[in-house]
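By written order: A, B, C, D, E and F. Residues from 1 in each chain.
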Amino acid sequence: MSTPAPIDYADASPEVRAVYDDIKKTRNVPDVNNFWKYLARDPATLRRTWESIKEIMGPGTLDPLTKEMVYLAVSVTNGCGYCIASHTAAARKAGMTEAMFGELMAVTGMANETNRLVNGYRVPIDPAFQT
Amino acid sequence: MSTPAPIDYADASPEVRAVYDDIKKTRNVPDVNNFWKYLARDPATLRRTWESIKEIMGPGTLDPLTKEMVYLAVSVTNGCGYCIASHTAAARKAGMTEAMFGELMAVTGMANETNRLVNGYRVPIDPAFQT
Amino acid sequence: MSTPAPIDYADASPEVRAVYDDIKKTRNVPDVNNFWKYLARDPATLRRTWESIKEIMGPGTLDPLTKEMVYLAVSVTNGCGYCIASHTAAARKAGMTEAMFGELMAVTGMANETNRLVNGYRVPIDPAFQT
Amino acid sequence: MSTPAPIDYADASPEVRAVYDDIKKTRNVPDVNNFWKYLARDPATLRRTWESIKEIMGPGTLDPLTKEMVYLAVSVTNGCGYCIASHTAAARKAGMTEAMFGELMAVTGMANETNRLVNGYRVPIDPAFQT
Amino acid sequence: MSTPAPIDYADASPEVRAVYDDIKKTRNVPDVNNFWKYLARDPATLRRTWESIKEIMGPGTLDPLTKEMVYLAVSVTNGCGYCIASHTAAARKAGMTEAMFGELMAVTGMANETNRLVNGYRVPIDPAFQT
Amino acid sequence: MSTPAPIDYADASPEVRAVYDDIKKTRNVPDVNNFWKYLARDPATLRRTWESIKEIMGPGTLDPLTKEMVYLAVSVTNGCGYCIASHTAAARKAGMTEAMFGELMAVTGMANETNRLVNGYRVPIDPAFQT
């Protein structure tokens, strides 16, 4: 009945350990963070979420720093405290400087403002943007 | 009583025209889009919004494409149809390819998902992220 | 299986008609708007929602115009198109001028921006605000 | 000037006590939780909110567990910490198992993700869904 | 430069067709809906999203109708028009009656209201809910 | 690499001090609150945000109390804890009584509920509201 999380490596099932091992190896970290230890309450969600994140945040046309900054901008918009803390750390690790953080927040704040100005002024889409 | 927007250049006051002129010159476009023509109902908001956007989206440490993609990610998160249409167009103009768009949407969607998993599992912030 | 809304007065049950009659009398209007005609699919929700709104939007310490402007600010924040249209009309009817609308949108937009700056900069609550 | 909440039973007015009594009787609990003790600052809102919740969460075609899980999914989507804590407790009391919690979070997370993919890809509604 | 969606079966790559075939077979439908035809712009996201949804919405401890109603409640909270239309259709197909829809909307609306009352009254979590 | 905020007056650059001085003079307060001390990490955002807020929250057709209550309603809708605390304090300072706070929360809560009922019932805009 009680919440069994967080699940540390020592207490984890083989299925959960396999995911932890892959996270640690892929990210080159000594331990997984709380997000994974809490998700481990549901091994299927733990595995599926990790596989999706591994694929989405892995090598592609967007560099890792850009992806982390977008992740942070979304988390700031949604007001997810844990996500803001963890992705700020991840973005810094990927190279985000103080100046970049400042600009990222400025864009994120402005977008949230103009999104509402558009709503309130009921602006119709320009034909040029329809395509 | 009726809504006087959109305000076209020909019908605009000198104050509004000055903003339109600066937008057209700064962005090198022949006309301003609907967002500005609707905001022109309130010249003070038109001017202040343009000055803020000009400063925020102008030269800095983040390149224009990254800024437009962040703007798009926030607009997608908030579900602002006009903003999604206009910033998709702006991001493409700044160099966003189909592959980049696909990755941007994948990151944006994933962030919205994990933001809620964190909420639901009530994950406490790791000490390492507190700083 | 098909959606039976909107339900016009002529087709309404006595229970639904009683709510429609009270709305028309309270607001001094010849007909109810679509919101009520769609809610009428569930007479219990129609009645409960009307009773709550009648009480909340009725006479109190806040004047009707202030209440309508708050309603509009929330609807703009949530991006509810129908609600923005109907409460803009209601606010105008209650006395909202173009200048007031402009200021209301400016405050609403700014609040949405600074809400996110606070999130991103992880600002702790000042002791003076804790009470 | 100071916030007079929470209002305990011993300090409550007869009007507030009547609501507390009905909550305790309806839910068969020895005391009301903080939500009600804070709402009691405004007796009219306390009474109206309780009457609405009593009606909505009471017997109907959806069983109590389903209603609590929907309440939790909405609270997780909105990121309301108190609501997540109280409705997780209520859902468990109504029979939510660990497996059900895991699936509920998975659906909630996925819906938040695909809601944004739909926004970003600007997917038009299929004619078959229009009705 | 132009948006290449929707991608119909006849124009789809073998990779995309394989996903379409699995959707059609799993759901026993003659064609996939617009969501998939638009996601097909990015085959990796199409495949990953389908695999996640197939797993999450498949057999488990929660019945298909409950899952669809939770999906709908989240979509209504986020205001995603396409998602509301498609998941209302899916919930009906899974057995949602008019009475169930009415109760689902009542719970969803109420949760969105009390989430904000909790925020505004700054209600602290009861010790009993901390676990 | 570490977060250099909050920046107190004694440690602030002349550029930041100039903003702090203007805030203190405009609001007639002995010190600025945390919001400004954290924003000071990015002097350009500090200055721009203050200038916008000074203009928006300054004298106009809407009185200061109404503006603060709208700010609070938006912050409650978005669930920004810091903003709720600081704007509740500001609204009280501007004259918000307990009765006004109660009504403001009631309207804010109700708007969040009916915004979702409108979404779920897919209510089309009445022709009378189109203008």
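In this section, a contact is a pair of C-beta atoms (placed from the backbone, for glycine too) under 8 Å apart; a residue touches a chain by one contact, two chains touch by 3 or more.
Every value quoted in this text rests on a predicted model; they were computed, and no experiment measured them.
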item: Any chain that touches chain D and chain B; value: A, C, E, F
item: Identified repeat of the A-F interface (over half of residue pairs identical), from C-D, A-D or B-D; value: A-D
item: Selected interface, A-C versus B-C, where C-beta contact pairs are more numerous; value: A-C
item: Whole-Å separation of chain centres (CA-atom averages), chain C against chain E; value: 27
item: Distance between chain centroids, defined by C-alpha means - chain A, chain B (Å); value: 21
item: Overlap residues in chain E, where contacts from two or more other chains coincide; value: 41, 44-45, 48-49, 52, 56, 77-81, 85, 99, 103-106, 108-110, 112-115, 117, 119, 121-122
item: Pairwise touch network: line, ring, star, complete, or other; value: complete
item: Chain E-facing residues of chain B, complex; value: 79, 92, 98-99, 101-103, 105-106, 109
item: Chain B residues within the chain A interface of the complex; value: 5, 33-35, 38-39, 41, 45, 49, 52-53, 56-57, 60-62, 66-67, 69-71, 73-75, 77-78, 80-83, 85-86, 88-89, 97, 99-100, 103-104, 106-108, 110-115, 117-119, 121-126, 128-130
item: Touching residues (chain side chain D, partner chain C) in the complex; value: 2-3, 44, 48, 52, 55-56, 131
item: Chain D - residues contacting chain F, complex; value: 1, 4, 41-42, 44-45, 48-49, 78-80
item: Residue ranges of chain F in contact with chain E within the complex; value: 72, 76-77, 79, 81, 84-85, 104-105, 108-110, 112-117, 119-122
